[in-house]
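The next part holds the structures, each set out as structure tokens.
There are two complexes below, and they share subunit A, which is joined by subunit B in the first and by subunit C in the second.
The block that comes next holds the complex of A and B.
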């Protein structure tokens, strides 16, 4: 490795890195014009003041964090169960689950959301089956409300939750739990006291990814919210596209992202401290 | 576990939760496939015709045909550029040691971490400030930014498993860096590069959010599908969805043959 790096001229490295750097410059330019637009007002904080000073706009923020919070909680619990099951089943079953998750990740988002409408809509498969069985008299409203958006986001973010948790769980030697179990710890205890603490880094990574993903989600609230669950990204889209109000749209998106990052940072710091002291 | 484990089987709660997770993944796909070929109450045609009519409608509507061409074009150009740029960058960070290497690795993954709405809005503002009118060029530029992290990841994962001794041998024997890259490195990581291309193609083909900010007039397929769902209620989209699912399955199986999906999913998880 040292021979090669010694031989490689600066020119080689520049040639390898320059195209990717150009792309990084492009994203830096996009993000900085976003920030510049948000403060291009008089006074410079006018867009932020307007956003933070109006309950109408704050409602988008509050709703986004509530939906992202619920989505994260549900996704992590289900995702953990799937990841844990994957460590305890035969290789072919595990492979099948991996394939399903990857297929989910690769699905065209718009058609994936459409399939949820077909499943859970008023005229969807679930409601029609329940009606036919006589379990309900009128269709249950499962989408076009917050529940629908959360179901859609859980569906979309399951792969993000399962893979980081699985990759950590897989490295926990079964012998550790077996030892605890043989020494008399019950199933639940041997899990919560031995396996779970060791899997915390994976859980923490999943929380970060799922939370940030659902906080910024756009297509899901747009299509499953039915206009009742407009999250911050829908706000930004409408301000920018319908009203050409770029600066205001940018301010809203920045406030939400910065708050989200701060929350995620506080969360990971907390988890890290707990893991260190444990 | 090959030896008999003294551990008891899974408890009821984890089993039920895992089952719920798998159903949440599978049920929508099954419903969409059944809907695409099944008689529908809203159908005008007699049931025996219905099974094909949504596919026929999907193929004969000019809007979908044109959108498909746009999407394939955008995704192809995006994937070619993102894969070549990403491959070079992956070789740089895996095969070379230099100051700022870790920072570069992190920066290359940055676009994945930025919410797509921020990217879409940022590009919209940037392009309008530069006086670039809405066009497919803008969409391709934005898609390259979104897809490159995936290409970099996949090629990096592939490179890390391949011994560098061949490349070193070539250089010791006097090959120039370019010759050794083209004649040795590229053939060795060909499966990684091909997988990166498929990855980038699918991510670009699928993209809705960033594209929605940049599109006017001729939309990509996801944009047209969304517009159709908003105005029509027939299951034409179910037919399109079924075709998409089939194509995704093919793409995944190809990547599986090239690199192994289970290994790759772990490296994707490792980006966290």
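The block that comes next holds the complex of A and C.
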């Protein structure tokens, strides 16, 4: 019996480990090829020196991290509110919210972005309504700037924020909140001192997913940035495809990836320490 | 249920029998939208004439098409690549194309020799001009300098430097007395346009979308083929090719698969004929290079005289474009 269970356990490990190993190998191979491309045929890390030594290219980096940071902050706040609402409403309403989020997740990105242009553009529904109401004299610029890109990215990444937070929140026993009320805590205090700390693992997962998704976004900044808010992905695309300069594209991508991963590592370490302390 | 299953088997057998046994296959890479329709018109006609199968693969834009050829260089699956002459020039330099054997394709004599190159064939010209919407523009635009008019502040969309292989920058230079070897007049002009620019577009598809959605009143450079279907006497769209030198883009085809070179050459030969060129240009709204073919009525009024068409040196442009692109991003494409 012991031998049988050991065999079963080995089989399970192999079944789970093999696909994980394949994915790891694939990621490692892709990253290695990027590293090789970034240093090959360029003496003394020339591509890196050019990327890090020119304000034009550093601006891609600053802009990418700034936009990803704002997008993450806004998405997490909205996503948390939606997830929390989902734990408080009836099952049919919850299903409706899930359906809308799933629909959003699977809709064609270009169509979704174009609909934002039609809504928020100079000639869009919002500006036309405000003009008709006399609230503004000239169209307000809601797209073709960082605000527009952030709106587009929040719209696209909301499902990535809601589901991890909801999956944690729904497991928080209502009895804990009730106990807090019994001990005299008001709603806000019971939320901040009981519910929120318990939901931190979900928030942490959402932050990582939304941040990395926004950092690598391509179509949204391209279409809603109007050429003024090109992120690192647009830089890599232009250099690799339009100029066949793979080494330079790879150097920029690696700098961005390393910085992004370092930030994520620092963030998750911080959250883990806080969670353990709590 | 069993009867339905049996019927399906019979249908499958009949369908299989209807297919030509061991039919040769030609894979054509083209752009999507109207461009795909044009390629399908000539590709399907070729398939019927030679009893072969023609398949289509789409490229999102010209440079991605070349990138695809590059990626499958050792084992190509694309036989024919629709592209532009400057992009195919670059592809040829990277040995991605099969040389055209003129002796084995007598039908190519239908074209003036200047359109038959070592590695690709010019097929047709597309024209560039400025585009505006009468209902949104504050005045009628007739010349390139109109784009700098202060009344267009916040109403102008212009291409990125990389659009159409750098043609926007070259057009800016030509319109102001410069050329690809003297870009200063064009750069000074682009600086004058800056206050008017609301957005940049990287592809011709985007140029249509920003004008159609009313985001901009004027697109600084558009392709006639994209806008021709929106034009007409009662239309609110206007396409203008201002006086002076005219910049065109040449649609060209190259052969990318040595293993299917014979059939590919047959297609290239087919595409050189007036019937195929007339059919393609009827859909794309372009000017055929075959003198016996006719351009569609919709664009006849835009055809410039031959002496106005500027022959840009793309060897210079391809080399200088990364440098101009950096300048453009620092000076123009920044707030």
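Everything that follows uses one rule, which is that the second predicted complex is superposed on the first by the 245 of 278 C-alpha atoms of A that agree within 3 Å, B and C clash if a C-alpha of one lies under 4 Å from a C-alpha of the other, contacts with A are read in each partner's own complex, and residues count from 1 in each chain.
Throughout what follows, a residue touches a chain if its C-beta (ideal position, glycine included) is under 8 Å from a C-beta of that chain, and two chains touch if they have at least 3 such contacts.
The model shown is predicted, which means the values in this text are computed figures rather than measured ones.
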{"item": "First, second, both or neither for A:241, with subunit B first and subunit C second", "value": "both"}
{"item": "Residue contacts with subunit A in the superposition, subunit B compared against subunit C", "value": "B"}
{"item": "First, second, both or neither for A:25, with subunit B first and subunit C second", "value": "neither"}
{"item": "Touched partner set for A:93, first subunit B, second subunit C, both or neither", "value": "neither"}
{"item": "Partner chain in contact with A:269 - subunit B first, subunit C second, else both or neither", "value": "neither"}
{"item": "Which superposed partner A:115 touches (first subunit B, second subunit C, both, neither)", "value": "first"}
{"item": "Subunit B versus subunit C as contact partner of A:253, first or second or both or neither", "value": "first"}
{"item": "Which of subunit B and subunit C A:136 touches, first, second, both or neither", "value": "neither"}
{"item": "Subunit B versus subunit C as contact partner of A:176, first or second or both or neither", "value": "neither"}
{"item": "Partner chain in contact with A:82 - subunit B first, subunit C second, else both or neither", "value": "first"}
{"item": "Intersection of subunit A interface sets (partners subunit B, subunit C)", "value": "114, 117-118, 123, 222-223, 240-241"}
{"item": "Touch list for subunit A against partner subunit B, complex", "value": "1-5, 7-9, 12-13, 15-17, 19-20, 22-24, 26-27, 29-31, 33-34, 37, 77-82, 84-85, 88, 94-95, 97-104, 106-112, 114-119, 123-125, 151, 154-155, 158, 162-164, 166-167, 174, 177-178, 181-182, 187-188, 205-206, 208-209, 212, 215-216, 218-219, 222-223, 232-233, 236-237, 240-241, 246, 249-250, 253-254, 257"}
{"item": "Touch list for subunit A against partner subunit C, complex", "value": "56, 114, 117-118, 121-123, 144-145, 222-223, 226-228, 238, 240-245"}
{"item": "Touching residues on subunit C, where the partner in the complex is subunit A", "value": "63-64, 67, 70, 90, 136, 154, 160, 162, 198-202, 206, 209, 213-215, 321-322, 325-326, 329-330, 333-335"}
{"item": "List of subunit B residues in touch with subunit A within their complex", "value": "1, 5-11, 13-15, 17-18, 20-22, 24-29, 31-32, 35, 41, 84-86, 88-89, 91-92, 95-98, 104, 107-108, 110-111, 113-126, 128-129, 141-142, 144-145, 148, 152, 164, 167-168, 171, 177, 202, 205-206, 208-209, 212-213, 221-222, 225-226, 229, 235, 237-238, 240-241, 244-245, 248-249, 251-252, 256, 261-262, 265-266, 268-270, 272"}
